[in-house]
Amino acid sequence: MEEYTVATIQVNLISGRSIQQGVAIEGGKEKPAYRTAAGIIELDPSDLKKLGAWKSTNVRVTSDYGNVVVKAIETTQGPHPGLAFIPMGPWANTIINPNTYSTGMPTFKGTPVKVDVAINEPVLLGIELVQKSCGVK
Amino acid sequence: METVTITMKNPPALYLEADNVSPDAFAGKTAAQIAELHVYEGNTTGTLGKYFDVNGNAGATAAETKIVVKGDVKKVKYLGFKMSAGEVVVEGSTDLYAGAWMTGGKMTVKGNAEAFAATAMKGGELVIEGNAGNYLGAAYRGDWRGMKGGKILVKGNAGSDLGMYMLGGEIVVNGNVDVHVMTHAEGGRTVIKGNVNSKVGGQLVEGTIIIFGTLDVMMPGYKYVDDVELEIDGAKATFAHFIGDTGERHKKKKGQVIYGNLYKKI
Amino acid sequence: MTKTVTDVICPFCGTLCDDLEVVVSDDGKQLLEVYNACVIGTEKFLHSQSKDRVTRPRLHQPDGTWKEISYDDAVEYTAQMLAKAKKPLMYGWSSTNCEAQSVGNEIAEMARACCDNTAAVCHGTTLIAVQDIGIPSCTLGEIKNRADRIIFWGCNPAHAHPRHMSRYSIFPRGFFTGKGQMSRKMVVVDPRVTDTAKMADVHLQIEQGRDYELLNALRVALNNEWLPDVVAGIPKEKIREVADMMKSGRFGIIFFGMGVTQSLSKNHNIDEAIALTKHLNEFTKFSIMPMRGHYNVTGSGEVFAWQFGFPYSVDLTRGFARYNPGDTSSVDLLIRGELDAMFTIGSDPGAHFPISAVKHIANLPSVCIDPHLTPTSGVSKLHVPVAFNGVETGGNCYRMDNVPIDCRKVVEPPEGMLTDEQFLIKVRDRLKQLKGAA
Amino acid sequence: MSEYVIKNGHVFDPVQGIKGDKADVAIKDGKIVTNAGPGAKVIDATGKTVMAGAVEIHAHIAGPKVNLGRIYRPEDKLFTCTPTRGMERMGGGNSIPTTFKTGYEYAKMGYTTAMEAAMPPLFSRHVHEEIRDTPIIDEGAFPVFGNNWFVMEYLKNHEIENTAAYCAWLLRATKGYAIKVVNPGGTEAWAWGLNCLSINDPVPYFDITPAEIVKGLIEANEYLGLPHSMHIHPNNLGNPGNYTTTLDTLKLAEGFQAKNKFGREQVMHLTHTQFHSYGGTNWGDFESKAKEVMDYVNANKNITVDTGNVTLDETTTMTADGPFEHHLTELNHLKWANCDVELETCAGIVPYIYSPSISVCAIQWAIGLELALMAKDPMRCFITTDHPNAGPFTRYPRVMKWLMSAKAREAQINAFKHKDKVLSQTSLGTLDREISLYELAQMTRAGPAKSLGLASICGGLKPGMDADIAIYNINPDMPIANPEDIEKAFTRAACVFKSGVEVVRDGEIVSNGHKRTLWVNAKVKENPQVMRDINEKFLKYYSVTQANYEALGHHFVPNPYAIEVDAVQ
């Protein structure tokens, strides 16, 4: 197995739509397919390298507002070094900046986050994640 | 000047709208009558007396009435709403719309004031000894007629969208300011003694912004002209003088284009 | 034997495609095939047929299980909750028809509630900008027939509005655009090299969060004024080139999305984009249009506006309508702890609000009306499944350009299921009794 | 349905020529009857004025641009919103009231029928949803035709029959009432940022002139024999010196005769004439040409007009005249909204403040009043504010005060900052005419009803007509001491009936009535070519399918009143 050093990287997080996320929410948010589509973080190859993570390893993404485990994948809409993308949904919304600047609109795009490899931690299902965060069974 | 002191005794479960807490609404009333004035918690209507102890009678007119607000009013909105004269002193922190639509008199908030303080202010004076929230001295949504006159002093920091659509008057912030200052303004002056984030003076038609601290990103619509010596509140200093927003429309006076002015301390 | 329903409207995104063909079983109970829709639209129609679908209201039990109850019990629970609440929020409305929205407004008026739609986390900041500076726009057919300059700013139709480019904006051959794509120049502004950006003549890979500066720089360029060497990561030469490209067209359009409405500056980004559009009308003809998300979020804004005067974030608690995002907007109301009940319909704040806001929903008496299982239903006390609007019931909807289109019913809902409107009418009538009694 | 008899009121009814004599008006089954039965409820109107319900011939009260106005002007609602009260839903807004407030305010002033003056066909569902939510008053809507691709292509070759067949199809598809023309050709030109400022400016690409469009639509209108005439907002609105364009436009009606079974006599209705009666070459030498325009109108029976009175308020301008609104925002720099509509039309919106301290606004105010005061035939000149363009319709009582009282006009003139300009640039100061109650009934009831082809249904108190009746606290036997009393009386009627239902009592809403949507169902003989053309345009150029365009189900028009027209001959 090839040597690699695990590091923490700092990136600027944005969230937004992807067609896979769109299909998954219509397919059912209780299904694993939703997690596969939106429980991910798209990173630039250079950032993946810095992180020292293989494609499709689980990572913990942490911001001032919370942290969440998602699967790190190589971006299909890059290059965008220093920028990370989590499709809109509960995973992104666990860590984005809720500040509305009194406009009603949270800051879904542009949250500084740090990413750590978390190979052994599970990515929760969408509904499961929200219920857990809210202390609801 | 008669003084009415209201003290929070039963804090609301939700938030309280106290737009009747103004010298204008109190004027000519006894403590008992003032206690009967309406306040609103969600969709329920109550009396001021249900939530506050009321002591002292008001003066005959707003100008002769001073209101002192004691106790925890962090969840009370609209204190000093539409006041035209007299005085309001809030001893702690308060919520949204402190002194909103005020046209005269003096309001002092010894703690912090949340967003929309002095919305569409026309005159008088608002002093916030703590921090101010977003949209301080800004216009109401959709209105191109923002702060027209009066003076606002913030001893702490202020939030974003300060002085949006400002037409006149002055805002002074001793601390730092977040993004967006005097957007769309067509007059008035803002002095920032501390630092300010980006987006300053965007779409500014006319007006003056003076910055003592740092400004992280200057709008591309601001063009350096020269260095000038300015005296602000007795303090002399040299400032880099910019004009803008050069992307925006501007009036002409005697063939001369009138730009907005931004001064940044060197 | 099967039959084909034509001119079907797709109830997914604001593109509101109205040319779908759906094959249904002869008894009209089963939906078999969907033609002309994008993958998302197709999935929406087909998922309505899933066997594991919840078809009766369910009460959330403390142990996490759900207790099935009748629609009448669900009506009673909902009406009682709204009757008792001092400051309920009735949120969502974007995935249901205008008829249901109208009944909802009657309920909100009686309950003196706050009402809001998904613009709150989508194009609400666009509405604020429109209120500050206006909006020169047009219908999508105008783009198809005339537009030769297409700018996608902070939006990614290839993913979010899959048929937009083929139906309206890039490929169609219109009356004055006979060469289709060949007669158009396409500019994309996005911090990522999106699948939309890959198709563009020019892609400005902007520094995230600096849209306001770049839009301002384009206006500075239009005025032939001095520019810094680089703005938002884009060299000034490129900025002047794009400004000239915009000016030189006969009919231009800026489409924008969440990239600007949800990034720092929010409403100001749109404000400056609209100012740029207005500015361009001094040189040529230019329009601007928000890429609205939910298929009927626009309709919700329209109904709110003609009935209450404001397009979203309306506060009726004082008995009359008030509006001021920051005070009356859902996310602020939740995070500030201003509410004592939550009513959700036709949307999923549990998935699309910041978690700090969702935690408040979980702590309130709450009802969630949604055909799907969602994070919102997962944290609500009562979940009321209903028929799929646009699939199992029709009703009016508004496209992203405000064009009204009457949705079609293509199949019957499962036995005994109510539509949004039917359920809301029962709640309204019960609430009337409760308020009358009070 | 209950019976009523309104006793001892002073009745003003141009339809029967009753000029204030004491008379009883009886109501049965929603209609006016000669005698009510013994059980009839008696309404004592002693010392009061009784008229038919008023008819609004031109206002922008429902549809996409009206609602965009609401959406983008929260400040128009600030501190104006009213709570639910008995029958009344919440309301709000000054210049662009919500639908509920719109219905209530009209009813409280004694208006019972109103026409939405510009319906973009593609948005007809929206217009009808708002009409449905506007209580009490009967409403119709005018689809716009003056920049429609079909119309321009047919009229380029003077194909009147095809134009008529298309108009009939569109009226049916949109549940429309009449043929409306706004800035003919100019709005299509605006799609390229251009305009047509005279009736002879060619329309880009379409190779036709505004004059040809106007004449052709007059012919198509009379070919069909529609209840209303071609209803026009001409080219060159709002510009100094535009009265020549207006006269050129009016002259296009020469030689045309009204052909219809509704008793309508005009072939052209010129709307908001105030905006089209300007002299001068710029805002400096801006002056009134009301006399020139009204001299022509007075001399030509085949024309009716409405005034478009400026009310000196902050308001919201909105029109299908897209290029004008762009021109306006360049002048006042206030927020501009615009929407170009594929193949059909456009709309623009800009807030505007008619300030008494600005001479141009004061002159505009005077011109509107001059027009009405110079009208020789009150049956052909109607009072409007082109709501909300020259002012909100809620100001009608104030306009009536100015028209009925020279004293009130003088007071306003003296209050202007530029009184001298008003006196030098207009002739208002020399006009001492005071509109009588009978003339007012002509200008706001019988006249507009006749012009709309509704003379047998509303606008009068003749037995057999709908029982739309307004009772006002005005005693014609008493001299009016204070002009303000006129405004007060017309602001809140003492009592209003709509189709025999008492909807207003002492100025308060007591019933939401059961409003109707008026539309015109014109039958023409099969026209395969036109249907082919329609089919082709939808396949190639529209962004919706023809089937979805034509779908306008019962839920949009729950209570329709179709006026049948047979042009199959």
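In this document, chain identifiers A, B, C and D correspond to the written order of the chains, with residue numbering beginning at 1 in each.
Please note the rule applied: contacts are C-beta pairs under 8 Å (C-beta built on N, C-alpha and C of every residue); 3 or more make two chains touch, one makes a residue touch a chain.
As the structure is a prediction and not an experimental result, all values here were calculated from the model.
Legend note: the chain whose CA centroid lies nearest the centroid of all displayed protein CA atoms is C. Across B-D and A-C, it is A-C that has more C-beta pairs touching. With centres taken as mean Cα positions, chain D sits 57 Å from chain A.
Measuring from the averaged C-alpha position of chain B to that of chain D gives a distance of 44 Å.
Averaged C-alpha coordinates put the centre of chain A at 23 Å from the centre of chain C. The distance from the centre of chain B to the centre of chain C, each centre being the mean of the chain's C-alpha atoms, comes to 34 Å. Across the assembly, chain A contributes 101-102 as residues in contact with two or more other chains. Touching of two or more other chains is recorded for residues 115-116, 134-135, 140-142, 144, 179 of chain B.
Contact with two or more other chains is made by residues 128, 131-133, 264, 316, 318-319, 323-327 of chain C. Across the whole structure, chains are in contact as follows: A-B, A-C, B-C, B-D, C-D. Residues 85-87, 111-113, 128, 131-133, 210, 212-213, 216-220, 222-223, 225-228, 231, 264-265, 268, 271-272, 275, 279, 316-319, 323-327, 336-340 of chain C touch chain B in their complex.
Interface residues of chain B facing chain D in the complex, by the touch rule stated above, are 140-144, 249. On chain B, the positions that touch chain A within their shared complex are 115-116, 133-135, 159-161, 178-179. Within the complex formed with chain C, the residues of chain D that make contact are 62, 64, 66-68, 70-74, 76-77, 81-84, 89-90, 92-93, 98-100, 122-123, 125-126, 129-130, 133, 191-193, 205, 326, 329, 335-343, 346, 349-350, 540-545, 547-548, 551-553, 555-556. Looking at the complex, you find that chain A touches chain C at residues 12, 14, 16-19, 22-23, 25-30, 65-66, 75-80, 83, 85, 88-90, 93-94, 96-98, 100-110, 126-127, 129-131, 133-137.
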